[in-house]
Amino acid sequence: MSLKIFKINEALKEFVPSEIVDLEEKATWGNPKRGIWDLPYAKELVEEHSLCAGCPESLAFRYILASLPNPEDTIIINSTGCTSLVFPHIALHTVHSLFGNQNAIASGIKRTLEWRFPDKVKDVVVLAGDGATVDIGLECTLHSFFRQERITTICFDNEVYANTGGQESGLTVKGQIFKMAPKGKQWDKVPMWQLAIDSGCHYVARLTVSSPKRVEKVIKQAIYVAREVGPTYVHLYTPCILEIGLNSDDALEEMRGRDKERFKFFEYISEKAKEVIERKKQEGLI
Amino acid sequence: MSQHRKRRRINIRMPAIGGQGAVTAAHIMATAADHAGYYAVSNPFFGAEKRMAPAESYVRIGIEPIYDRGEVVYPDVIMVFHPQVITMGKSYTMPFYSGIKKGGLIIVNSEEDLLSEEDHKYLDPLEVKIFNFPATKFALEIAGTELATNMAMLGAFFGATQIVGTESVEEGIKARFLKRFVASGGTASLDSAIERKFKKKLELIEKNINTAKASYEVAQEWAKDQGIKPWLPAPKETAKV
Amino acid sequence: MQKTQQIKYNRAGQKVVSPEYLLFEAPRQKQFMTGSEVVKEAVKRASVDASVSYPITPQSEAAHLIGELWAEGYVGVYFRGESEFSVMSQLAGCSMAGGRAITTTSGPGTLRAMENFPMWAGSRLPLQLVLMARGVNSPLTIQPDNLEVSFLLDTGCMIWHAETAQELFDMILAGFVVAEQPDVHVPLITVIDGFFISHTREAVMLPPDDIALPPYNPYISPIPPIDMEMPPGRFLRDPFVMKSNYTSYATHASWQFEVRAAIERSRPYIRKYLKGLVEEFGDPEGEILFIASGTAAAQAKEATQMLIHDEGIKARVLRLKTVRPFPAKEIEEAVKGVKYVFIPEFNVVGWLEREVRNVLYGKTNVPIIGSPKVAGGMTMPPEIIVEEVLRILGKEVKHVP
Amino acid sequence: MAKLGPAGYSPYPVALYEGILTPPPGKALLFTELVDEEIAMREAAKAMFTRENPTVFPGPQVLYAWNEEAKKKAQLVRKMAEVFGARIIPMYDYRPKYPKIDPQKEINPNHPNLTIWHNNIKVCIFIGVHCHYANVALKIIRAETDCYTIALCGNAGHEDATVTLRDQHSEELEKFIRIAEEVKRELKK
């Protein structure tokens, strides 16, 4: 594990702001049993960031970062979009490269890290929006599944291009009026979770981030399966309250509403993945 | 053109039909010339080659470093691998003799003269020599396969131009066909299956060498009749590395 | 640091030697091979960690051969990507993760991948792309034509242009050494004219294959690698750098300038490892000066010899080995006392002519003639170059039958 | 660097505009001149003793205890700051920080001039900052401020600094501290 990169030299410690010292002293490192219950007590791996007030993406980020079983050796690959605004403030090695190439970057990183560190576990997680994952980056996303890359892909589905001002995306629902769809979207929401199953993912989950506990369980399962078996995919509903005209405190209610319909919890687990998840449960890690 | 000065370079164009082995012939010709101490470069015609479609290969041999690249637009020697190419040129884009230099040589894989009156009208004032040589027939007779046509053609080239001896031709052929086998064949664990294949390959190489050598001799005779002297001065020692 | 003299081996079991030994001192043997095969020989001796490939003529063969090296254990990571765009991103990932990586592409593939190249440069990845230039689709051709280099000039990558298979071999090895210098550390595009080099068979001198370059050390990189092994632990490669993201506008400008400055810093290393940014050929007193790179320079050399031997005209060639960094001073020096500058090129836009005119603007009155220009697979016979010179000089043209 | 800033509106690089490159091994760069390491160290020390508000900006490579050399260098940085009577303001990471930095306590490569202006820093030392971020910051500092910048680099140096020393490891830092102490005595500080 690479905790050493957070350890501050004693000779200079007094000059370093407390938020940085806290990362060394109060964050949960080296403990695979860490989880969302640590949130009130431990130093979080994300600092203050600039998402809209009340944006559910910020919740999703906090839950995911709290659930990583191996943060000291986890790399997160991002793409262009609202999520990119959070990445500078995440206390891990992360990448923003181009819009849509996140699964290609992740493939190169994962394979090279496996080559460079054959005796270490380095988890590689992709975290990108719906435009990046399903529209512009679909080729990279699906091919990384076909190739059975051992990475976890998480899609923040807000059903719109939010960062560019509210345009229709492949994951917008049919009929929804957005920019570039002035008469309403003419075709159905892309069933990305199904494409992920058909393309070779070993663990697929679809859910909202209304339940932190459920997010933790899904993320841990996805990462453990990716580590040992092959690609995994997590599809999270993180509505853009701005573009669908909700108030800052409406997000949770919106997600709970969708929990009962198009984001009803759905999970696919391959045979190989079942074995891993069972074992990790027995080890008390899930 | 400075025909008074000694030739420093031979540029060869080899129009053929895809599958006739003109690329292989070019490779062997360059390797043979290299073995004899000349500078040599070979390359194919760059395109989406298909079997039985017109194709070309090129060889450049000289006594000085060769910088020139690509298609040979102004050849000293044209080797016509297939009679069809005379009528079609390179992918129908030009007459087959286009760009031939004064005092050049054309070797045609044919028993009889296939050139039209107009062709001769163009070539005669340029003092181009034409050597009709039935390479395919020769290959069938000696190697028992028309696949050795390219060997007969390259043998004819070296016989007619007298720049390298048959030992270099033999080296060129061996280098082309043996390279991979030598690389992996050196290990003691060569199993019997590979060994059988290897024997077959050796047989093939032998047939190829015989075809090339026999053509060399025929062409050498022809060159003597024509009063042809070696086309290049002996290579400078510096070329031999 | 460590100064022990013990023998080191790379992961392929090759003995690690200094770049100077590998490039200049190791005994060499002659082989007869194509430019594509030479790529394999160079990569084999370069302690390469990763390569990703995609088929496109004329680079496919070189890409297959790197795959063979992976199968033989000389390259750590290798696979076929789904498009050039993805391949260049996958390769970026390999480099960010601290690996030495190389790939090859051509023509339309270069343009498909285009968005990646400024990203490579901005992310300071010392990747190497062997570019086997062919036409771009205007309409389709697979033939040699180096128009695509024009698109790459301002990506922030170094661009070198090899003339022969031999030079390609040496440039690939020297390329990693120069590109990985901490004060340079930008990508290198090693250009050859497709087919003219990739498919041409010629004599090449190679050092033994049981020695190799020292492995890449990502921990002296100007930007930390993405491996959670080097501080800072909180590190995004690379953030939005704009005022709305709480940085000064000047940050992005400074970042871009820094990438260009990094290319400038490669000059002393290039002088050392390539023996200069240019090569001079022909009569040093030559009044006719060809400025050219790659195969156009090779053809100009042939034409120079014809002019000198057959026409009694003093001529010379200034061959550019590098286009980025651009040898501006060398060009300024070379045009002194010259009557005409000719710039032969294998493309219709004349990107080299544009570059040369730019650096000579206001500095010389020498006429600059941007011809001959051939494209779309056409060869540039030296006879045609000679004809062009004679025509400009008002002399009789005898060369072309 | 050609001359002390402020050089102007845009963060022009001297490598590109004035042809000044990083020094070759064994040499240092003092303004536009290639000089011996010791001369550069002496001039750098003089500047640290004579210009206002001397400050050391340690970067991640010396702030964090990620290897033995970093641990040793951190102690030397502390000692160096004490000899110069300089402040220590860390550049602990390179992110665009939201919503803003505290210029009294930190320096950020994306707007390093803020810290320099806020504290009226006229001379500073960069050490342990990754070369790319040091170069991005040094160009902005040169464009925007009149701060005399000293780059102690473990690699090849930084031509956009006023003085740049290259290949600076523990041994070289110890030498720099020794020279600083000498210069201090000479200046009777």
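We just call them A, B, C and D in the order they show up, numbering each chain from 1.
Here is the rule we use: a contact is a pair of C-beta atoms (placed from the backbone, for glycine too) under 8 Å apart; a residue touches a chain by one contact, two chains touch by 3 or more.
Since the model is a prediction, treat every value here as computed from it, not as a measurement.
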Please state, in steps, how far chain D lies from chain A along the shortest route of touching chains.
1
If you count the contact pairs for each chain pair, which pair has the most?
A-C
Farthest-lying chain, centroid of Cα atoms versus that of chain C
A
Cα centre of chain B to Cα centre of chain C, whole Å, reads 33
Distance from chain D to chain B - Cα centre to Cα centre, in angstrom:
67
Distance between chain centroids, defined by C-alpha means - chain A, chain B (Å):
63
Just the number, please: Cα centre separation of chain C and chain D in whole Å.
35
Could you list the positions in chain D whose residues touch two or more of the other chains?
63-64, 66, 92-93, 95-99
Touching at least two other chains at once: which residues of chain A meet that condition?
5-6, 47, 50, 88-89
All chain pairs that touch each other
A-C, A-D, B-C, C-D
Touching residues on chain D, where the partner in the complex is chain C:
10-16, 19, 21-22, 24, 60-61, 63-64, 66, 92-100, 108-111, 113, 130-133, 135-137, 139-140, 143-144, 154-157, 159-160, 169
The residues of chain A that touch chain D in their complex are 4-12, 15-17, 20, 47-50, 88-89
Which residues of chain C touch chain A in their complex?
49-50, 52, 76-77, 79, 81-83, 85-87, 89-99, 101, 115-116, 119, 123, 224, 226-240, 245-246
Can you name the residues of chain C that touch chain B in the complex?
30, 32, 57-58, 142-144, 163, 193-197, 199-203, 205, 295, 297-299, 301-302, 305, 309-310, 377-384, 398-401
Chain D residues touching chain A in their complex are 58, 62-67, 70-71, 74-75, 77-78, 88-90, 92-93, 95-99, 102, 105-106
